[in-house]
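All chains are identified by letter, namely A, B, C, D, E and F, in their written order; residue positions are counted from 1 within each chain.
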Amino acid sequence: MTRRLIVINPNSTERVTQDISVAVEPLRNSNLDIDCQTLAAGPGGILTQRDADLVVGPLIDWAEGEKGNCDAIVVACYSDPGVHSLREMLGVPVFGAAQATLGYVGAMGCKAGVISLRSASVARHNAAAGAAGLTGILAGDRTADVSVADLGDDGAIDKLLRAAHELIDKDGAEVLILGCCGMSRFSRAVASETGIPVLDPSLVAASMAYTAILGRYDTPPRGGRT
Amino acid sequence: MTRRLIVINPNSTERVTQDISVAVEPLRNSNLDIDCQTLAAGPGGILTQRDADLVVGPLIDWAEGEKGNCDAIVVACYSDPGVHSLREMLGVPVFGAAQATLGYVGAMGCKAGVISLRSASVARHNAAAGAAGLTGILAGDRTADVSVADLGDDGAIDKLLRAAHELIDKDGAEVLILGCCGMSRFSRAVASETGIPVLDPSLVAASMAYTAILGRYDTPPRGGRT
Amino acid sequence: MTRRLIVINPNSTERVTQDISVAVEPLRNSNLDIDCQTLAAGPGGILTQRDADLVVGPLIDWAEGEKGNCDAIVVACYSDPGVHSLREMLGVPVFGAAQATLGYVGAMGCKAGVISLRSASVARHNAAAGAAGLTGILAGDRTADVSVADLGDDGAIDKLLRAAHELIDKDGAEVLILGCCGMSRFSRAVASETGIPVLDPSLVAASMAYTAILGRYDTPPRGGRT
Amino acid sequence: MTRRLIVINPNSTERVTQDISVAVEPLRNSNLDIDCQTLAAGPGGILTQRDADLVVGPLIDWAEGEKGNCDAIVVACYSDPGVHSLREMLGVPVFGAAQATLGYVGAMGCKAGVISLRSASVARHNAAAGAAGLTGILAGDRTADVSVADLGDDGAIDKLLRAAHELIDKDGAEVLILGCCGMSRFSRAVASETGIPVLDPSLVAASMAYTAILGRYDTPPRGGRT
Amino acid sequence: MTRRLIVINPNSTERVTQDISVAVEPLRNSNLDIDCQTLAAGPGGILTQRDADLVVGPLIDWAEGEKGNCDAIVVACYSDPGVHSLREMLGVPVFGAAQATLGYVGAMGCKAGVISLRSASVARHNAAAGAAGLTGILAGDRTADVSVADLGDDGAIDKLLRAAHELIDKDGAEVLILGCCGMSRFSRAVASETGIPVLDPSLVAASMAYTAILGRYDTPPRGGRT
Amino acid sequence: MTRRLIVINPNSTERVTQDISVAVEPLRNSNLDIDCQTLAAGPGGILTQRDADLVVGPLIDWAEGEKGNCDAIVVACYSDPGVHSLREMLGVPVFGAAQATLGYVGAMGCKAGVISLRSASVARHNAAAGAAGLTGILAGDRTADVSVADLGDDGAIDKLLRAAHELIDKDGAEVLILGCCGMSRFSRAVASETGIPVLDPSLVAASMAYTAILGRYDTPPRGGRT
């Protein structure tokens, strides 16, 4: 039986969705259909808290339409917008790019450095790690100071590398996380320049969602202690 | 000069807004006008993550209308919906009921027990404490298993007290936090029955907002490290 | 191109290897060959620290023979024996059952309860979580008080369930982890009785190893800060 | 009814008490009398652990004289001398400058940088944060390398600013805390130069004490778990 | 050369000093003279924060008299009164009973349960552990609900054992700490009844002070980062 | 009665054993015989995880031969190989160099900087601190980039000092730990150059083992919670 995983890009930039689709390509197999969709109602990029908060409404609307239509969902944005709400409304597993990748680093037994778009993201990322009890696996979080639009320009690689090297040299990062799903296209270049693994959150989250499908690890009902 | 603090109740239940207004009453003085408003577009109560997420849009719309019109804002809901977004869009201080109260407990040098509406809230509260780096001040979080509607019924006090006593006896709580702004009316009764302080998040958050007005502690721009 | 993942059961009990093979079966596909092997030189079960320590030598010898012969390795034992040494000696990704599962729980945004064989395992598990910076995701760890041999007996389910219910009711566990790869056969029964996901460490670790193969996330060289 | 809050400066330097009185001035209103007193028996400044320890005796003696005479007390010194003892002996709320300010930062959802007088204070501040479970909200603590006497000299501002900029640039501080109540007079200048809020511990602690008066949050009896 | 270690009992109860002297007896050897003294100016027992704070003055006075007269000092009280001040004023090593014992448990790789006199001590002990960064080694802290005077009565053993068994059974304590130096005489009985080690803080702290003498580990000057 | 403590150097380099014997010399007295042995079957130095893992087998064999023959054992290697296994198989106290020294720093109320041989050791050290719940006492861990063989060369002191000064100046270390027992011979020089205590793990661990002999603190049986 073929299972269906939807990877939703909550921003409306098609190029990012295409990059995500390339990133998860290796995971596709005869039993797993991965459908990468663009949230048409989303903003061009999710840079601010407001972007992250306001996109949840459209995401929920979108998810209503996919109810009963998929076996798991990945929200492919490093701000994990709407992940808890989608878990609550759907029985199927839901994974967010950031939470999934931080957990994966824990599984590797490493400390991670996160490359962020803007310095404003750093506090948001740290809060998300704290919320998930994963602060202990963060070596550092540094900004490349680029916009989502800049990521379409090949020159962005130099800014990403500068942040990468500081994370490795000053913060002791053993692996790197691309702190925006739109950075996907630079993962090989950063890995090759730094010599350490560069985790692509879209692929990692999609893989974990696939695991949940295979293991029937549906979203647990909240509230174990009654 | 009179300063203006708005306390917004993000659910649409007027009774809750009235209770909040009573709770913050002592803080009003000749220099401080506290305006307690009900978010008409909000849900009847904020019980689920979806409630908390979807109310942010209406909150932001509401805040646009108050721009330049107030000196600080308190979101009087223990799920702190939209707090980060409001901070981002407004220059003025913004405080959320939960974060403010947890910080206040830290200032008291105590460990707190939180009385929650539903067991589903417990994980959300713990995540919020982790996000703020305040996990260390929580003694426990236990559910009274009541709805927002139940809070209008005087019989709810017994359920709150059962949770309160377990927090004190089993978890070592030194102060109690009412984990829903609609529980405000029971604060005196719970304090008197348990003999320890029972913090009312609306009052605590409003006081902290007032402090920020006095000290000109505007919301800091995100991203100190550039 | 077909990739090859070896799952090594470091104890010599064939039945456990067969159960592991059943557990990872859903992950097999036309591009991924999963070879579950039994470490003939291992002990019957890994219950003590001595068992966990002494099996590393045979594991390393075994891994020497597989060098260049596989794309990733999973050590399917909740004590993660030899994982760091194998990472050091091999370029390919190596995942251990415990570390992988704890990280996966972090990715789910949950708190986990671990069902252990013996009370002696609890301290070892807590130390492992601390070493990986993952203490924050543990709700509790309780012993079922069974031996590896007992796990062959269907009556063991009652003991596992007793631990499971205490983890849920007293510790607030939202998902359960089977703290021994030999408990795999009970995962469906425990999930169905408790109504929450029961993670099978063999499947979770194998999935993460597969992700690493797909993403080319080789083991990072130790020592980022020079 | 007018309530009475006493802010006690535990060092004997009148200039510091005057600065504190200016700092808390905005909080005064028709219902709140704030009486800033100098502890005549205190040392000229509290720089060492010995200073902090030996001042507790005179503070307790002083507090005996104020028993029944006030509604709350603030110890306006960033070493929080005697705070726990005063809480124990008095029914009324007692707040210390450091603990209050750290909690306030948690309420703001920020990470704070502390500007200390001397490097010897740093370890003491970190220990105090750890004792209160507030380590998670500290971004850093750096010394301006000034004495209490230096603070009377306008040239001290440059040293404070140097520490401030390092806290922001290297440690990621989002708000700053003046780690000595005698630094109060520089708060506006540091805020204006750095562009981020600079918390004045005297004002913050006094505001929190006022909240406790309003909410009747008396000091809880120690020992919830019996 | 004979070295001289002074163990100061900061309460004035001679019986406690005698018990401490018996506890440290095994450490005495031809090169080490251990002088157990009673602080005549101390209170009968140190039960409250006020007791702990007010005894620092007399302790400092006493220490002035011993300056140049000893090679190390142990403050034999589980509230560690004055330890930081004595470190500051003396070049020689100074160890406190609580901090030393918590560190020793960390060295054993265990989690400890603390038996406290009164429930009021529990919060103080937790704060002390947090201040030293040692929260992670505490399994629990439970009160035996006895006074220092009660400790002279053999019947106290039952109360200590009740706390001990709860620490083991409910909190997972692997070793026990006597949370008052006056409990010393019961250490063998509690160890024999529970079957796990019962640490005597006086002996542990004295041994660590001896280590510091041998290794010339004088109190470090505060303020490494300048 | 003379007690017998064995300090086992798990590497086969005799020079290191001799240095260790010199380091623990001050602890020897008429009641304590300290026997420093070299593990003939060990590697020349323990630099890698593989070294640390593979030496456990020979260590266990060696310990079998010493059963009933000693009152306590110290494993004098900063990777603490086999410590948990030896604890499990022997009733007597067993201390490892790293765990003991980290606990000792906690007892001193300080933050420590660790000087490591190679950058590959840093992650291993951090994991060990996390496993023991002692992360909170680490200021930093920096590599001197030397081999065990280099330690025989007096020129190594410069590399150690460079790491030492960075730990003090950048990480705020108040005491230093020699992160390899073979660095023992440089302890005085580093202490004298930096002006802060330099802890020798062999001496610290041996002293703690002696304490355990005196207090009869045998290794606790694992598994308090049944």
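Everything that follows uses one rule, which is that a contact is a pair of C-beta atoms (placed from the backbone, for glycine too) under 8 Å apart; a residue touches a chain by one contact, two chains touch by 3 or more.
From a predicted model like this one, the values you see are computed outputs, not experimental measurements.
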| item | value |
| --- | --- |
| Set of chains whose contacts include both chain F and chain C | A, E |
| Given chain A and chain D, the chains that contact each of them | B, F |
| A-B, A-D or A-F - pair sharing over half of the C-F contact pairs | A-B |
| Relative to chain B, chain with the most remote C-alpha centre | F |
| Chain whose mean Cα position lies farthest from chain D | C |
| Inter-centroid spacing, chain F versus chain E (mean Cα positions, whole Å) | 25 |
| Centre-of-Cα separation between chain F and chain D, whole angstrom | 42 |
| Chain D and chain E: spacing of chain centres that average the CA atoms, whole Å | 30 |
| Mean-CA-position distance for chain D and chain C (Å) | 50 |
| Touching two or more other chains - residues of chain D | 84, 87, 109-111, 122-123, 127, 130-133, 135-136, 172, 174, 222, 224-226 |
| Chain pairs in mutual contact under the definition given at the outset | A-B, A-C, A-D, A-F, B-C, B-D, B-E, C-E, C-F, D-E, D-F, E-F |
| Residues of chain F touching chain E in the complex | 26-27, 29-32, 83-84, 87, 93, 95-96, 99-111, 131-137, 139, 168-175, 191, 195-197, 199-200, 203-205, 207-208, 210-212, 214-222, 224-226 |
| Sites on chain B touched by chain E in the complex | 109-111, 136, 172, 174 |
| Residues on chain F engaged by chain A in the complex (per definition of touch) | 122-123, 126-127, 130, 135 |
| Touching residues on chain B, where the partner in the complex is chain A | 48-50, 53-54, 56-57, 60, 82, 84-85, 87-89, 118-124, 127-128, 130-133, 135, 142-143, 145, 222-226 |
